[in-house]
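Before anything else, here is the set of structures, which you'll find just below.
In the two assemblies presented below, chain A is common to both, partnered first by chain B and then by chain C.
This part shows the complex of A and B:
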């Protein structure tokens, strides 16, 4: 399978934080959700991919090419959607478009107007008059109008209400219909948007905790609930994270098969959400 | 074509798709040659990931329920009647097995069970 994005042993050191040799790959035509708590290193990683920050080590390849050597060429085909608006507040949408379009060789005004219509954006309004959801959609319209093969979205859903989030979900499904485009988005809240994600990369404290097909994650992990008397020092070690109370325990185990051996059906087994998995891994041993 | 996905079910989503499509095919609601939606289209309609629908189609293909033609899409396979009957038979067997297990847990004897089955069978006619 052709890879659209490859991050290999990427390193970046700051005073109090470091990205520790992280690696992951996104195949063409698929969507990856990049999740993790605030301060985990998501935005740093994205800035490094976009070469807005200088890396200290490792390699990044976009469309199979080194992201610095071929920066100009690569950026022609990346659609970048920020969480913060990076437009001039005083310009109207139409003026902003006229300012941005000339940077792209394959800019298509026809496509731009199609999305403006679909997203119901007012071209004569100023950027500062837009709601957060509209700014995100405008950002997307611009990204989609220059034939981007890779969409990189940094926290696209932060501060958006469920209705706009669900619209974004529809848009993403629309985008990937042609098998040509790939999407990489980061988020610190696990939300409805993850329905669309084929792969999940989970980053915590500058390290990749897991990066695999979402279905494999959800099928492997399970939540186990039971009476506190069932726990002993041996079976407790099997948990990724566990929370004990006076009356019961519940925890996350990373392999369904283990549970039967450990507890012989005396426990309740439930399907976890990505949020459960994130919480138990982050808070993991803290609970114990 | 009707497919309903439950997020609270313990069954993986791709298996839910596999089982429901199988049932539709076995019941002949989806006939041989029926053009299934593309994996990406089905993913959008069901709001699941592309990998999920891809996996479901691969499983159905492996079991001979559908066929994929490069560049044209996936179709319900023209299976022979024998295979279809066999598959249905194994479903009947499985369900009867469940009934036997349940009857045993109630302490029913084989004769009592047969009697019950006869009654039900005749009722259906």
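This part shows the complex of A and C:
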């Protein structure tokens, strides 16, 4: 399978934070959700991929090419949407488009106007007159109008209402249908990903906790609930995260098969959501 | 690249009109100081336009957007330096326009016209100012270089003005142009070319430094 994005042992040190040799790959034609709490390193990773930050170690390959040696060529085929609008407030949408379009060799005005129509964006208005949702849609329209093979989105859904969010997700789903495009999509709203993502990469405190197919994650992980008397020091170690009260416990286990051996069917097993997985991993055993 | 320069003009189209108005004001305000109005007008207008172009880049962190587009960082820096030359041209035209209008409608003012001497002095000062300021603002961004900016403004605006007005008084002959002229009996044109050539060289060195700085900038 051809990889669109490969991140290998990527490292970046800041004063109080470090990205510690993270690795993951995104195959062509899929959506990867990049999740983690605030400050986990999501934006840092995206900025490193876009060469807005300089890496301290490791390798990033986009379309199989080094992201710095072939920077301009690679960026021809990357569409980006960030959490804030970085356009010039004073320019109208039309002026912004006229500024940006000439930089892309395969800019397609028809596609752009198609999205402007779908998103109902007023071309003659200034950027500063748009709502947050409209700015995001405009950003997306620009990102989709130059035949991008990889869409990189940094928290595109944050601060948007559920209707706009769901519209965005529908569009994402639609654009990967031709299996030529891939999407790398960071968010802390995990429910967005349950709808569209094929792969999930979970980052926490600068480290990749897991990176695998979403269905595998949801199949393997399970929430186990039972009476507190069932716990002992041995089986307690099997939990990724656990929460105990005076009478009972519930916790996350990363392998469904283990549960039968550990508890002999005396417990309730539930399917977790991505949010449950994120919460248990982040909080770890601090409940205990 | 042309696109980047045009964008800088487009975002500050309002300031362009303001700059023209400012020229009228300076023709009026610098009545008593012989030879200073054209220089002051050019420096002020160019200073203003450079400032605004960086302020607009900073406002929404638009450099993040620029550097995510398929543009090399070198081109972004080059565009800023070429813009400075364009602003000098615009400021000169704006000042010429202001003096012509005042002359044509016969306002009883003592208008100071542009001369080769004033053009070369302002070109030199603006280039010097830009050569110092651009590497700093390209490294730290507009807001973080604000302090440097204020100090630079005071240095580059008032010191040359002071020298020029001193020069008008009998007994002083500090002007670079004048002493050069005495020393090597060149024509005004030759001196102007020399000053402009030197200024351009200075900008080239500064641009080279800025490209290196900007290549390592993090956003």
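The definition used in the following text is that the second predicted complex is superposed on the first by the 286 of 288 C-alpha atoms of A that agree within 3 Å, B and C clash if a C-alpha of one lies under 4 Å from a C-alpha of the other, contacts with A are read in each partner's own complex, and residues count from 1 in each chain.
Please note the rule applied: contacts are C-beta pairs under 8 Å (C-beta built on N, C-alpha and C of every residue); 3 or more make two chains touch, one makes a residue touch a chain.
Remember, predicted model here, so these are calculated numbers, not experimental data.
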Given the alignment on chain A, is it a clash or a fit between chain B and chain C?
fit
Counting only touches as set out at the top, which of chain B and chain C does A:173 meet: first, second, both, neither?
first
Which partner does A:103 reach: the first (chain B), the second (chain C), both, or neither?
second
Just checking: does A:89 make contact with chain B only, chain C only, both, or neither of them? Give me first, second, both or neither.
second
Output check: A:219 vs chain B and chain C. Expected answer is one of first, second, both, neither. What do you get?
first
Counting only touches as set out at the top, which of chain B and chain C does A:80 meet: first, second, both, neither?
second
May I ask you to decide whether A:53 touches chain B, chain C, both, or neither, giving the answer as first, second, both or neither?
second
Could you give the angle made at the Cα centre of chain A by the lines to the Cα centres of chain B and chain C, to the nearest 10°?
150
Quick one: is A:147 in contact with chain B, with chain C, with both, or with neither? Answer first, second, both or neither.
neither
When the two complexes are placed on top of each other via chain A, what is the minimal CA separation of chain B and chain C in Å?
28
Where on chain A do the contacts from chain B and from chain C line up?
none
Over in the complex, which chain A residues touch chain B? Could you list them?
29-31, 169-170, 173-174, 176-177, 179, 195-199, 213-215, 218-219, 269-271
Can you check the complex and tell me which residues of chain B touch chain A?
8-10, 12-14, 40-41, 43-44, 47-52, 55
Residues on chain A engaged by chain C in the complex (per definition of touch):
47, 50-54, 71-73, 75-76, 78, 80, 82, 84-91, 95, 99-100, 102-104
Please give the residue numbers of chain C that touch chain A in the complex, ascending.
3, 6-7, 10-12, 56, 59-65, 67-72, 216, 218-219
